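Below are structures written as structure tokens.
In what comes next, chain A is part of two complexes: it sits with chain B in the first one and with chain C in the second one.
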Partner chain A sequence: MTDTTQKATVKAAPGAAPAAPVPAPAPRRTRVWRGVTPWLFLIAPLALLITFTYAPIANMLAYSFTDWDGVSPELHYTGVENYTEIFTREDLFRVFFVSGYYLAASAVQIVAALYFATILSFNLRFRNFFKGVLFFPYLINGVAIGFVFLYFFQDGGTLDSVLSLFGVHTDHAWLGTPVSANTSLAGVSIWRYLGLNFVLFLGAIQSIPGELYEAAELDGANRWHQFRYIIAPGIKPVLTLTVILSISGSLSAFEIPYIMTGGATGTETFVIQTLNLAFRFNKTGLASAAAVVLLLIILLVTWVQRRLVPDDKVDLA
Partner chain B sequence: MNRRHILAIAVSAALLVPGCTGTGGTSKGADAKAPDDPSKVTGTIKVLTQRTDLVTDGTMKKYAAEFNKTYPKVKVEFEALTNYETEVKIRMNTENYGDVLLIPAVIKKDDYPRFFASLGTEAERSKKYLFTDYTTVDGKVYGQSPIGVIPGFLYNKRVWQEAGVTDWPATPAEFLTDLKAIKSRTDAVPYYTNFAAQWPLSQWTQVNGSVSCDPQASTKLAESDPWAEGADLRVGDKLLYDTVHEGLIEKDPTTTNWEESKPRLAKGELATQWLGTWAIVQFQDAARQAGTSPDDIGFMPFPSKVDGKFCAVMAPDYNQAVNVHSKNKPAARAWIDWFTDKSGYDKDNLAISPLKDAPLPEVLKPYEDEGVKLIELDDSAGAKVKQIDNQSEVGIYAPEYRQNLVDLARGAKKGSLDDFFADLSKRWTQTQQTLGS
Partner chain C sequence: MTRRTVARTLVYLSLIAATILVLLPLGVVLLTSLKSSKELAGGSGALSLPDSLFNVDNYVTAFQDGRMLTAFTNTAIILVVAIGGTVLIGSMTAYAIDRFTFRFKKLVVALFLVAALVPGVTTQVATFQIVNSFGMFDSLWAPIALYMGTDIVSIYIFLQFVRSIPISLDESARLEGANAFTIYRKIIFPLLRPAIATVVIVKGITVYNDFYIPFLYMTSEDLGVISTSLFRFRGPYGAHWEVISAGAVLVILPTLIVFLSLQRFIYNGFMRGATR
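Up next, the complex of A and B:
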């Protein structure tokens, strides 16, 4: 299985190491120790990384070339048969259309996060409160969110009763048709991940030195100018990262649709399909191949994206 | 990804690929013999179960205490798995999967001797027990279900009477007419799909056998087209389609709630659900909690008569088996025998006893009065059916295809019912041919 949780790692700006004065050559023993010490420190994390990340991936790669059913002691090497099957069966690829909804949602999500981050980076009353409100959903467990929104979208549930307060009486089954269901689920996804994007943007914006704004104000720049010429270029690396995370997140959307609809009514995503192949139809080999394909697609998207928008150093000074 | 990552992958791949196959073990064909003297059996056995509720509320401990009266030196421990199928499947890649466990559906029949110890020959066991052929490989039996279940409709007797229906419907058309009467004359939802909980929809596969009253229904699944005109599954699916299509179900199937459906049916807000005898006890409990009479919960067979008689298929629940790697096989075997014969687990669950000479439970009294014919399906082709099902990805035991059917019926998905059945038939029969050749 691929990892479906989004890992947010803000890259530390690679500061150029100052050229140190060349020290006198140390004795041999000391030099050996110096070489070994970092590796000693790295043993624990590397062991964990290899055991829990690379070894399972290697395992999955190996399974993807077999017809293993997940439990039988017998498995046969089938070469690239699984991969051929994935690329020749269009029904396996059709589920990527569902990712389109999530992709559109993440565009909305990034714009909204950027908007809120910019506003809340200026001096505003209750800004810490609003920050909390926006970030809070991200702290809730995804499964809990799924259940909460199941009640939310129920017939006569929270959404319907709130709408009726405003005099809108819809008789709409929110999860009833593929379009409506996918839009609703993508909406939940926005609600959930908005906070994360928001915090990333806010952090980046706040790392921009304050004097720049003062100088800009003296030069007569308004808020839009400040955003356009100071903030936007200042947070470009984080923006790039967010876009990559959003794309890979949309392609591997899982928790919310799995909990809420289980993939029914045309909401099946690629990961749900992979899971069904592995655990419903016991085609662990084929499912492993599907997971590898998803991994490759995400790597490819990332690579293309990095080619188009190179990650150059930010220089605001 | 930099150079070092690639190195790490290469190293770990080289190290781990050879050792990563799922090898369960090679000790094939062990026997778990029943002990002769109960007082001499010793050891601690671990029993895996899917009944989390019974382990939490201490019911299983009571069974164990009762068991210890006969077998004083055996210590029984229980481990309940919430997500039984998935979890046990992963554990079965090792040798530690308890001493007694329930045979998960994923294990291929041919692999039974690799994972489980034999309980005896079929010739000998089938004299005493039902359902032996479900776990028989090469004449040896590998598991035994402690209860038997019959699929059928749970219904609220009061609501059905209010609608003016007193007799069980005998054809799908009559069933639909009755549901329409419920819709027009009462406030109840005539049929509740439990669409969101998924598995209640897969229960519809159990109509197989009830429609045609044919003990060879499983063999037919393996050898012919289950969605041909008049075939059992098609008749069942058509009834579900019509029920949904005529608007005789809940307003929004996508947000149904299984736990809530129990008190709602007891109170008469819902009229009917397709489940099985195993559910009766749960719905009666819900009725008591909701303050209505448990006697309102009724049970009826699929609306189809062959030679003037209704038909019901008795099927096993999960089969209990002994781990082939168990160190305490006699104790494990003793538990299975005791649990099947003497524990009273079947009566506590208002279920059918797996013993051939046992009387029917009280809840099935109406079945006796009506003269419903009880049959047992021949499961010798069961493994083949499972293989076709997985290979074709139709999933007759999975909810997806029926969720699609319901979506189609209520217009959330475009297409015609005939095309839908034709597609299923095509996938099923094509796989039959590939596997047959």
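Up next, the complex of A and C:
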């Protein structure tokens, strides 16, 4: 490792020359030193990156083709058996349907966030107050949110009390049936994440120069026209980003359902299932395969987004 | 003109409805935290006001029996070390990538780029084995190392700022005999102050709120952080909503204070973090 680094840095020295303002060729020792310098800065970050991101991915891939239980020294190569199990065992595959609830919630969330961002981009009274109120839930601790809403949906809790104010008396157990529970949990996730989408949209809208609106108004455009022809194109990059974040967020929903129901009554999500497989049932092999599937789906979605909207901001080099 | 007034009214109504939707669940929990267990059992309904607005008994119970002091201490330690590390690592990486030309630079950049796309939740199955093999399982080091090692977003934020620092500053310092480390320490790092503020805020809130990593890696009760300690309220206080509510309020309060005092930085920070 050290050997290649040394060689690499010596050769890299001429490349580094333009950055140096000194026209005369530097002595050999300085050149070598200059070549090593960036690696001294990068050694710790790279070590952490490889240890905690790339090594796990590589291990995970390897585990996914075995029947390892996570503790015993013994493991057997099982080929693609784990992968076929995920896609054929109905009880394992079911979690994808739960993601559907969160996906639907994301759609509602994006539309609502767009609406609030649009109206709050105009001059309104108490604008900052409303902005703060809408954003604040995003900053709250997930466990606290879970408890707040456990009480909200509880028998005789916040929701029931509010309904009874309007004369609706119900003994419906909101978290009691799979459909109702998943809908409730997805609703909580809207409550929690709407603020981030809203602030992203608002930032994008406010970065549109104000003269555009004035010019449009002179041309007789109404609010809807302004939204359709000025705001919508202006926020397209942020919108696609949000869609991607929502899809990967829906697939990896974990905190809210785990804290509130622990995955009971049909609210188990992909991540909860994977964690249970790995740490409760000691099926590290199967859990790894599940994690690989999730990772591939998310990478695929991101790739599609990058194809749809070539984003020049990510160009680092 | 009347149409405009109607539209305006509808807009305000929708905003008020949203405000109620956001604040009502939180407000009710605040009310509940001030009630005694007798009041709750009395069945006066979740929306009723508590008998005394200054009843802090539940907070005392939550703080002492819920071991919130340990939790806040552990969270504070993790916050300070992990954020300090993130700032150092992020700024060093950004400096090296932006200011030097070296071999394999493209590869290094690609490694960081691709890592940004990998969601941490997916790889924990295997990360767990690695953390375990270092003997970091069930210690404060596990979350510290993971928060420091997997934060690509702050590298992006630093990179944007390093780019905006004129290279001529480096050059004139170099002419005066400063080496790369002096330039980083004396010129780049101080000029990165706004980026550091952003990273500290965004990272701080994320770490403070994180549940997944401490839950997975710090299982013993002495190592509770605020998320996991609050989560443990479920067992012993299962039916005592007044104590659970007090715990939740205790956890939310610091966030509210930080939010109110640093609003502008927080909006900008999260926008930068997400759109990177």
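Here, the second predicted complex is superposed on the first by the 252 of 317 C-alpha atoms of A that agree within 3 Å, B and C clash if a C-alpha of one lies under 4 Å from a C-alpha of the other, contacts with A are read in each partner's own complex, and residues count from 1 in each chain.
The definition used in the following text is that a contact is a pair of C-beta atoms (placed from the backbone, for glycine too) under 8 Å apart; a residue touches a chain by one contact, two chains touch by 3 or more.
The structure presented is a predicted model; accordingly, all values stated were derived computationally and were not measured.
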Go through the superposed model and pick first if A:E255 touches only chain B, second if only chain C, both, or neither. second
Determine, under the contact definition given at the top, whether A:T177 touches first (chain B), second (chain C), both, or neither. first
Between chain C and chain B, which one touches more residues of chain A when both complexes sit on the common chain A? C
Is A:L200 contacted by the first partner chain B, the second partner chain C, both or neither? second
Applying the document's definition of touch, where does A:D155 land relative to chain B and chain C: first, second, both, or neither? first
Now for A:A55: first (chain B), second (chain C), both, or neither, which partner does it touch? both
Touched partner set for A:G70, first chain B, second chain C, both or neither: both
Please indicate which partner A:P45 is in contact with in the superposed arrangement: first for chain B, second for chain C, both, or neither. second
On the A-aligned overlay, A:G266 touches which partner chain: chain B = first, chain C = second, or both, or neither? first
Give one of first, second, both or neither to describe whether A:N282 is in contact with chain B, with chain C, with both, or with none. first
Which parts of chain A are in contact with chain B and also with chain C? 46, 49-50, 54-55, 57, 59, 63, 70, 154, 157, 279, 299
Inside the complex, what are the residues of chain B that reach chain A? 1, 8-9, 11-13, 15-17, 20-26, 85-86, 89, 92-93, 106-108, 111, 114, 195-196, 198, 251-252, 254-255, 389-390, 393, 395, 398-400, 403, 407, 410, 412-413
Please give the residue numbers of chain A that touch chain B in the complex, ascending. 46, 49-50, 54-55, 57-59, 61-63, 68-75, 150, 153-155, 157, 173, 175-178, 181, 261-266, 276-277, 279-283, 299
Applying the document's contact rule, which stretches of chain C touch chain A when the two form their complex? 7, 11-12, 14-15, 18-19, 21-26, 28-29, 32, 43, 45-47, 89-90, 92-93, 95-97, 99-106, 108-109, 111-113, 115, 117-119, 121-130, 145-146, 148-150, 155, 159, 167, 171, 174-175, 180, 184, 205, 208-209, 211-212, 216, 226-228, 230-231, 233, 241, 244-245, 247-248, 251-252, 255-256, 259-260, 263, 266-267, 270-271, 274-276
Chain C partner contacts - residues on chain A that touch it in the complex: 8-9, 11-12, 15-16, 18-21, 34-35, 37-39, 41-42, 44-46, 48-57, 59-60, 63, 70, 115-116, 119-120, 124, 128, 130-144, 147-149, 151-152, 154, 156-158, 160-162, 164-165, 191, 196, 199-200, 203, 223, 238, 241, 245, 248, 252, 254-255, 259, 271, 274-275, 278-279, 284, 287-288, 291-292, 294-295, 298-299, 302, 313-314, 316-317
